[in-house]
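Next, two complexes with chain A in common: one pairs it with chain B, the other with chain C.
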Partner chain A sequence: MKKKLNLAPVFFVGPHLILFLVFVVIPTIYGIYASFTQWNLAGSPNWVGFSNYSTILFDTTSTFHTQFFNGLKNTLLFVLFTVPPLIVLPLMIAVALSHKKLKGKTFIQSVLYVPGLISISASALIFTLIFNKQLGITGNVFGSTIAWATHQPYAWITIILLTIWGGIGGNMIIYRASISGVSEELYESAELDGAGPIRKFFSITLPSINFPLIYTFVMTTAGAFNVFGQPLMMTDGGPQQSTSVLMMYIRQLAFGSGESIAGMASAMAVLLGLVILVISALQYYVMNRNAN
Partner chain B sequence: MKRKLGALVTGFALTASLLAGCGNSNANDPNTITFWTPLTGEDGAYMDNLVKAYNDTNPAVKVKHVVTADMYTKISTVLSSGKGVPDLAIIHADRVPGYVKQNQLEAMTTVMQAQPELKEDNFLPQAWGAGNIDGTQYTIPLDIHANVMYYNKDLLAKYGAESFLDDNNVTVDEILSLKGKLDEGDYVVNDALLGWAMLGQIQNLNGDIQKDGKPAVDTPEMKTAIEDVKKINDAGLMTPFGEDGYLMFQSGNVLFSTDGTWSSTAHASVENLNFGVTNVYSVSPDKFTNRSSSHLFAMFNNEKRLDEKEKGIASFLEFIRANSVEWAKAGQIPASKQVVDSPEFSEYMQSFFTKDEKEIESLYIYTYEYYPYIAEAVDKYVGDLVRGNLPIDEGLKTMQKEVEDKIAESNGAAAKSGE
Partner chain C sequence: MMSNQVMNLDKSAVAVGRKRTKVSVSQVVAYVFLGLLCLIWIVPVIFGITTSFRSQTEVVSAGFRLLPVNWIMDNYTAILENTSTAPILRWLTNSVVIATSHTLLVVVVISLTGYGYARMKFRGRNVLFFTLLGISFFPGVVNLIPSYKIIDALGWVNTSWAMIIPGLAGMGNIFLVRQFMLGIPKDLDESAKVDGASDFRIYFSIMLPLIKPVLIVCALFSFTGSWNDFLWPVIVYTDVDKMPVTAGLLLLQDIYGNYRMIGQLMGSAILAIIPTLALFLFAQKYFVQSINLNSGIKG
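Right, the complex of A and B next:
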């Protein structure tokens, strides 16, 4: 007997699949293809093989080599500065909020979550004003005489504070949800055995929320590698390009005011994608192995 | 089975219609001219007023103004797909050579034939010339917007510096003469639009940003310009690095602000700011230049644009030519001579720059094909060079190399496009 074709799953997956193909798979494949070409977005791409990659990686005299490595260095710094606080702080807050006797949990949670709903450009404008020497709180209330955006390490501090302020809520919600799923009985048994709060955190809470931790760690890291808005709005890459992240160079090459240099920009984007892929895979592997 | 198939088809149709909704349905409407502009600021509202006034004349084809954020990126997208190309757009002067080279602009020939007053004689020469490539006119100008220098009248009087304005040329030497004479917290000049001010100095020193079609950034003129302006910084007369010099001018702590014609409306809204406008300071006592750009009307290639629409565009542009005094409210200098010569325009502050031939000549628009790359490099490095954060020779070498590398890439791509 001929097996009946079941189209129901296709119906459910189909629309997503089409959108995924149109907006993710095809552009990614075309982006990888473009990275092997010289292309100004207007004419047809000119195939140049690995030339863009060899220029970016090995031609030390080339502007694109300098831009790529400076951008990558600054992006890595951003990742190092922001990912640990974006994991640890929300986790600490989530644990604190799970305390039974705490009142006003929903209010505190909302206050911390709302910044994540504000667009980066709007948040950056608010922070620019806060750190504005003439108009801002830092100058008028705390008497700071520093022009934050143009002096290090202050330029980085403004970017990091903005990122943490805006990013803390998302991870916190995930941790809150996972912690609330941990069985109360485990904590009660631990208490009977004489375990203190720190012991309970490391022996019960952390192992129980293992998967959400891996997920947030990998996603936060991948997101941090794609940083663009915060340094663009807060410091415009300065002072002396010390906060120019890779996405800023990629964007300026592809969509600057001059003729587009989309081939080189695509090659940089592919290399960035590879870095993210390798680091995410490593994170996942290491954390998963430890968890097991 | 039939029901399942039906549901599947419906699902696909819904998705397809969702995607189709992303397109611009107005672009092919024969009774509407879709008009894209990058005017995301207050100027967009003034353009709305002009479009509304035109539509109120009951033209055969009405204009729909679409303020388009990130317009140039969207233009490259619609040009690549060939769908949703606007009928008319406003582009900046420095974009013209690139678009023409890529064969993306349609010449204004038929538009000019339809409205004979849309001709060179009726517009400010540099605004008209910015759209002329090898004898073909690709754009009709709307305005010139320039880097200019505002001055605080009260502060000039306080420090006895009113004589600086006598010959309409405030020199760097005159600025330096105020060294040691200012109260704490006061400065002579800010660093607003410093890149533009520097590109103006190149003209003041009779230099250029290209030589025989090759980019010329690392030049003696550029070095002299930076060194001279750096003297203002070194003397402590320029607003400190990273501080909001524009705001400091508005709060009455800076004698001169080198921002744009369009800032006059914002400055005018500040209470007790008694200000005027003059030419940007010069490193030369003999010449002054106000580095400028221009908003230009252009038609991107679109086979579907009907002749009727082009006639409609011509009639709209003629309306703008005759009525663009409204545009002066946005702080811009209309490109139409009829408007510039009108008594109504003389009431606007920026009419200072069209009061005589010498002033008109001072509005300099760079038309070098690779100007955008040079401007990007200048904007990126000039602040650090003037502030002494980067050695001038090293900075100039880096800028030159950066521009050359970008041009080489762009030529590689263009070689293929031209096949």
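Right, the complex of A and C next:
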């Protein structure tokens, strides 16, 4: 219709588009490309085909193979231990907070939300002290004589508790908003039918907040796969690398003190990315199908 | 000691309940459950704060105490005096500069871009938007190493730019702003357009005031997100004077660590917490409002 080219959209959308290209598209493509190369981060990458992948996946004599599978195992353990509580606990809190006669809801919500605003490095310092054998709470109050950070399963427990403590806030708020959006009439008519609290939860609340449940489950899981700070600060991957997660190996290989092995690290990153994609898709598919 | 407090709290919750004429079981259960959780959740924070006011001898000899015997400020003076190995004021300043500039730029970028994708007409608009959104779901771990390389090529390693700019490329906030704008009646800007107003004028005088709620929420989360970012600063900063406080705290484990200077360690952690906590106290309702935006994705 117009003959003159309208440049206004370029002004509005253009700057972000450039940022997106430079900081998302190009590095993602380059990251995939780099996974097929030998690269020390400083020079230019040498194409080696699938060699990095075959080393990581099949060469049982290689340390990269051991590191990848140990890191993947530990990352999966972290996901399995933290995601269910990060869904169930906020859900229970939201249900408890939806109780009509409850007082002090805002205060309770704030107390439970605030740890999420504390950086991992700050909260880990506090938790390290809490689990300190001589000076902390576990030793002095509960009489534990174990150095938690250097013994299993305690090392995992410290990491998991820190994660749950700092991680429930976001989901709690999402569930609260979703539950408050459920129609009162549904509950009232269920009460008339003689349904108790548990029955009401399973037959009204849960189905009504189906979408937020899927959303938080997928997002929380994907986030958990990127775990890095908690084990780094609490256990430094120990004891005997039993809490070394994949992100720690990726960082160490690419940015560690020795010669950078960025190609191998990129291959591990791509494999981790694929795991996240597949799991997210599976979760979405299964939960969506069950819901319908 | 803690178990005693827990029991007291349980009893008081029940006692409060009994005073009322009618108390349902579910109410008591809710109170006990939430009371216990709040107690567990708040103890680490209080423990961290009070320990930062205890002397090292007291920490070591008296073991765990929630409250100090003697409140001292020595830890904080010591932290502030150490400007060589752990310049915490420098780190806090860096964090303030980074988080504030990042947040301001986020607000500019997401409002402009959101307007573009929600209100302007150009060919391939929705295709472009949903393509970018789809790409943004791709796991970020893949672009981590090349992102460092790009920052390096731009000469931004060990500068604040490394943390201010890359995050502006995100799609999440733009999605929220666009959703919010789609809910605003079109008549407003269309009649302005008939009157000859330019897109920039409509964006600035009509849209910006209307989308303030969503911008505030995005700004708060950008600020806290930037303040608490950990992996990226650990990678891009090697210069002690240039790093933000989250990365600095990692160094402290070696400097004050091994529990030789616990008070200092806790004091530093507390100083790093204060800004985001203060922000929460002032803007609590917006933090909690965010949820409505999240569930708004439903529609």
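Going forward, the second predicted complex is superposed on the first by the 273 of 292 C-alpha atoms of A that agree within 3 Å, B and C clash if a C-alpha of one lies under 4 Å from a C-alpha of the other, contacts with A are read in each partner's own complex, and residues count from 1 in each chain.
Going forward, a contact is a pair of C-beta atoms (placed from the backbone, for glycine too) under 8 Å apart; a residue touches a chain by one contact, two chains touch by 3 or more.
What you see is a predicted model; the values in this text were computed from it and never measured.
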Q) Aligned on chain A, chain B and chain C: do they clash or fit? A) clash
(Q) Contacts for A:64 in the overlay, against chain B (first) and chain C (second): which applies, first, second, both or neither? (A) first
Q: Could you say whether A:32 touches chain B, chain C, both of them, or neither, answering first, second, both or neither?
A: second
Q: Could you look at A:197 and tell me whether it touches chain B, chain C, both or neither (first, second, both, neither)?
A: second
(Q) Tell me the contact category for A:41 with respect to chain B and chain C: first, second, both or neither. (A) both
(Q) Between chain B and chain C, whom does A:97 touch in the aligned arrangement: first, second, both, or neither? (A) second
Q) In the superposed arrangement, does chain B or chain C reach more residues of chain A? A) C
Q: Please indicate which partner A:134 is in contact with in the superposed arrangement: first for chain B, second for chain C, both, or neither.
A: both
Q | First, second, both or neither for A:115, with chain B first and chain C second | A | second
Q: Could you say whether A:252 touches chain B, chain C, both of them, or neither, answering first, second, both or neither?
A: first
Q: Could you tell me if A:15 is touching chain B, chain C, both of them or neither one (first, second, both, neither)?
A: both
Q) Both chain B and chain C contact which residues of chain A? A) 8, 11, 15, 19, 22, 41, 132, 134-135, 255, 262
Q. Considering the complex alone, what residue numbers of chain A touch chain C?
A. 6, 8-9, 11-13, 15-17, 19-20, 22-28, 30-32, 34, 41, 92-93, 96-97, 99, 101-102, 106, 108-115, 117-123, 125-130, 132, 134-137, 139-141, 165, 173-174, 176-178, 181, 197, 211-212, 215, 222, 225-226, 228-229, 232-233, 247, 250-251, 254-255, 262, 265-266, 269-270, 272-273, 276-277
**Q.** Complex contact set, residues of chain C against chain A
**A.** 1-3, 24, 26-27, 29-31, 33-34, 37-38, 41-45, 47-48, 51, 59-60, 63-64, 109, 112-113, 115-117, 120, 122, 125, 128, 132, 135-136, 138-150, 165-166, 168-169, 171, 174, 198-200, 203, 224, 227-228, 230-231, 234-235, 245-247, 249-250, 252-253, 259, 262, 265-266, 268-270, 272-273, 276-277, 279-280, 284, 287-288, 290-292, 294-295, 297-298
(Q) List the residues on chain A that touch chain B in their complex, please. (A) 4-5, 7-8, 10-11, 14-15, 18-19, 22, 37-46, 48, 61-64, 132-135, 147-151, 237-241, 252-253, 255-264
Q | In the complex with chain A, residue positions of chain B that touch it | A | 1, 4-5, 7-8, 11-12, 14-15, 19, 72-73, 76, 79-80, 94-95, 98, 101-102, 104, 240-244, 247-248, 251, 370-373, 375-376, 380, 383-384, 389-390, 401-402, 405-406, 409-410, 412-418
